[in-house]
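Shared between the two complexes below is subunit A, which pairs with subunit B and subunit C, respectively.
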Partner chain A sequence: MSKVTFRKAVKRYGNFTALQPLDLDIREGEFLTLLGPSGCGKTTTLRLVAGFIQPTEGSVYIGDEDVTGKPPQKRGIGMVFQDYALFPHMTIEENIGFALKERGASAGEIKTRVWDLLQLVELPGVKDRYPTELSGGQQQRVAVARAVAHTPRVLLMDEPLGALDLKLRESMQIELRNIQKSLGITTIYVTHDQIEAMNMSDRIAVMNEGVLEQIGSAEELYDTPKTKFVADFIGQINLLPVTGAEQRSDHAVAGFNGSEIKVVMPAERRVPTGSAVLGVRPEQLTIVPKETAVNGANRLDGQIMSTRFVGNVIKIEVGIGMAQTFVVDMHPSAVAGLTAGAEVGVVWQPESGFLLED
Partner chain B sequence: MSAREDGLIAADAVRATPDTRAVAAGKAMRWRSRQAVNFWLKWVMVVLAYVFLHAPLIVVIGASFNGGGEYAAIEFPPASPSIEWYFEIPMQQFEALGLSFALASLASLSAVIIGVPAALGLVRSNLPGKTLIGVVFRSPLQIPAVVSGIAFLQMYYLVGDATGFFAQGSFIGLAIGHIFIAIPYVVGTVVAVLQRFDHRLEEAALSLGASPWRTFRRVTLPVIMPGVYAGALYAFMVSFGDVPLSIFLTAPGYVTYPVELFSALENDFDPSILASGTLVILFCLVVMIVVQRVVGLDALLKIGGTGKGR
Partner chain C sequence: MTVRWDLLLIPSFLFTFILLSVSQTLFLEGSFYKDLGLGRTGDTLDLVNYVRVFTDGFYLTTLWITVKVSALATICTLVFSFPVAYVIARMRSSWGMILLSGIVVSTFITIVIKVFGIIIIFSADGWLNQFLMSTGITTEPYSIIGTQEGVVIGLMYFTLGFGVLTLYSVVQTIPTSLEEAAEIHGASRPRMFRRVILPLAMPGLVAGGLMVFNMCMGAFTSAALLGGGKVFTLPVLIQRTIMMEVKYSMAGTLAAVLLVAVILINVLSIILIRRMHFARGVLA
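The block that comes next holds the complex of A and B.
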């Protein structure tokens, strides 16, 4: 159980920079997820901790030890791979016992530890089978057991649930999280699936094009995204290009299609100086009859383009001029008369919106 | 599948007017008869393939049991069954068999010792001129063995003139030639396995604390082993059955089994050749069974098929 620290770590391949200078502090016992689209540098970051690659500049620490330049086998890590990477020629017991054997543990010790771990991952009685005889989900649990058998300082997981189907993936998320909690092991988890990240993580580090965009809890990222990318990547959002954004005494204003939009943001958030977008979540919006007075709230009038029933909410798409649309989440009980073609107003509170740099 | 399609066709028939019903019924019948044709065609193909592959062996084995003294000829099925020819197999054929066995074992073992590291280098390293080196290792396959045989003979003469050691007609001389023709088979199969090797297995081993050497010993080597066995088996068979190269490198009294059979056929043919051939066929069968028991032939056939390809 150790913290992991990046200090100005950079990874370049020729002219291509896979990872821009990264400063990142991962706390002891924390479950941190690196989230981003493919090619964003999340796997590079993980492999820098594993030691499969070395930073071009800067350093990586595990605990207080500078491990920069150290080969993977001397780092005291455990890793779970997307396709499990179980050794096909070894039994489950030999797989899980691999790291212990490398560390010179006795046959008896290995046996006991493997038994304990198979209990932990709820797979008793498979120790003499071979990996190909297990299902995908079972193999993944074995892979986790193998990665933690030697109580590594850090557990690294590279899209470990990517090969599983949706239902199994959801139950495995909970299970992995429980195992991680019961071991209290510092964990770095890589995924491109924002739901998975939000389900499991203490904190999420959102990455894009080699840059760490923002790090924080799921709530922080959802409620107060710092960049347009994060706002767009985490959850659903309406992004509206606005003009003339400026800070007034207690609120900010911005213009869209001749209307003035009022935005009240927490004090630490700045109004962008360049071109700006307004972000507002679909569930913060509501629909009122056209030209209703809304005292203090924002209203943009438009026409309903389409409605879509998705179970708990109805998604209503409203054209608000300048080829822009807002998606509004409405409760199914509140949509009487809201059909395509209806002229309506979209309303939200100044506190619900935020201005981001475009 | 067929039941479902039948059902669909039947449903069509029910919904349809009497006219189209007849058409649908005709369709169903044609479909069924096509299935039957497919089924029989498949069987005929399989049987033909087996006959094609095994008829020569069966004729040899059958004819070897044909007695009839001096006037014997190849006769199948045997006219007067007897095992007399099995006692007439000349001693030098057994000696030749022993030599061939030793030679093939040495050739396949050496091919493994040279070929496995070569394959590793060809796949894993980023050596400049890697492609060229690959071509060199495969070249024995592209040169007709007769040409190689002549080349080796000439080389041995040259080396002999210079050093006084003439390798032709010696075990070492034969062995060098056989290793030469055996290597491509090991390199070929091991390269194929390594190209499909999931490098994450090695990363997993490293992350679990194994050194690069231990990773190779405990993970890489065992996983590519079926490919090594397959290559070694091919190498053994190529060496064991070689005539065109060996015929230049053997000397009287020092002859491999295929060359011995070859000259026996040319000079004094009698059914004892069939008898000794039968013994070798049986021997090969036993080897196959042992290999199947120890490694599993399917493992050899889909070399390295243990990991999932991606």
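The block that comes next holds the complex of A and C.
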């Protein structure tokens, strides 16, 4: 088990910068997810740890060892690939024992280890089969077993659940997380699926256009996103362009369509100096009759455009002027009379909103 | 009403079938009548031509030389074309396509022209010998023309492009993630090549190898020109038997022997490969 550290690591391809200078500390035994849309640099970051590519500048450390320039064979890591990358001409036993054989383990050692690992991934009795004879989920477990067989210092996973259907993906998320915990192995996981990231990770590093936007636990990213991108990418949010944002004594204010909006943010958060957006989550909003006095809370009046039933909540879209809408999550029991066309007020507490740089 | 597109196949099938089967039947039938020379044949069915082929040392040597130079050329072609095919298949830039087009173009230039290139450079008074002798490295001209080595080189020149094109598509079917998986789990490049690329490419290597071998066994032009009248392979001998000796039924016999030899070698190779362990899981 080792920590992984990036020090000012940059990756450029000609004029294109795939990864802007990255400083990142991944802790020992941690499950860290690199999350972002395609082309955000998350796979580049993973491949820098793997050694498939080398940084243009800066360094990568595994444990206390500077592995910059070292080939993948000598890094002592394991990896699960998106397409599983199981060797089709080898049996499951030969696949899982691959790394051990390369390290000169005896046939007996390999046999015992493979048996243990097949118990761990709950696939006893498949050792003599070939990968094509297993289902996608089973192949995925074998790929995990192969990646941890030689007790690597770090486990890398590149969108390993992408090819599975939704139900299987959810159960595999829990299972992968349990395997990782039982082995206590430092894991770097790449995905573009924020739910998956939130389900599995100790911490999530959100990336966009080659830049690490923010790193933190799922709660931190959800409750206190530092950038508009993170706010938008993690969970659902209403983002409202506001004007004249400024800090007053104990709260901040900003203007929208002639109304003043009050925002109370934790002391460490600054009001942006340039153009700003107000962020507020749909579940923090409630709907009241139009022009209700709200006593210290914020209220914007508007008209219901549509309502959508999604199971646990009803999503109500309210037009609030200037071609902007707010989505409000309401409990299905509290929506009597809230139909498209109704004139209403949308209300939220000053503590629920935050101001972000646009 | 359904449109029977498959009916379109009938004219070309008939055309090919008649051309091929009629001539081959005549040829094969002729091989079973005694050759009296000068285009005359006996009038009773007879195996005398076949007996002669398999008892006369000259014909047996020719058959052996044909198989030997073809096998050597096949091995050399595979060895030389695999790295080229591998590198081109793994190229991510547009250079891969440019190089591949170059290979296609040069492959389909007629072998006559290409062999003359070899002759210009390698013949006794060719550039290579002029250079070697003028610099005093050698005192006597050495020529590959009229040697078995020369024929092997000619056959390789004929088949290299086909080898690269076939193996290119073989390498392309092996995902790079398999290479990465092998490397990250501890295999060096040579080990990765031996444990992953080679076994996965083996069915393609066998198929490509057989194709190249069959082309070599039937190759006339490069064998005739580089053999220089001194090295005889079966196709060269068959041409000679028809055109110079005017022994039609003997030539038919030789052609039949060539055909059967090629089929036998192909079938045996496939059976052998099927039995090998590594084909399991890939051919499945």
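Convention: the second predicted complex is superposed on the first by the 358 of 358 C-alpha atoms of A that agree within 3 Å, B and C clash if a C-alpha of one lies under 4 Å from a C-alpha of the other, contacts with A are read in each partner's own complex, and residues count from 1 in each chain.
Operating definition for what follows: a contact is a pair of C-beta atoms (placed from the backbone, for glycine too) under 8 Å apart; a residue touches a chain by one contact, two chains touch by 3 or more.
It should be emphasised that the depicted structure is a prediction, and the values quoted were computed from it without experimental measurement.
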item: Room on subunit A for both subunit B and subunit C (clash or fit); value: clash
item: Subunit B versus subunit C as contact partner of A:G353, first or second or both or neither; value: neither
item: Which superposed partner A:G36 touches (first subunit B, second subunit C, both, neither); value: neither
item: Touched partner set for A:G345, first subunit B, second subunit C, both or neither; value: neither
item: Shared subunit A contacts, counted only where both subunit B and subunit C touch the same residue; value: 50-52, 71-73, 75, 77-79, 81, 83, 85-89, 98-99, 102-103, 132, 146-147, 150, 156
item: Subunit C contact footprint on subunit A (complex, rising order); value: 50-52, 71-73, 75, 77-79, 81-83, 85-91, 98-99, 102-103, 130-132, 146-147, 150, 156
item: Partner subunit A, residues of subunit C touching it in the complex; value: 175, 177-178, 180-188, 191, 195-196, 199-200, 278, 280-282, 284
item: Subunit A to subunit B touching residues, read off their complex; value: 50-52, 71-79, 81, 83, 85-89, 98-99, 102-103, 132, 146-147, 149-150, 156
item: List of subunit B residues in touch with subunit A within their complex; value: 198, 200-201, 203-212, 214-215, 218-219, 222-223, 225, 306-308, 310
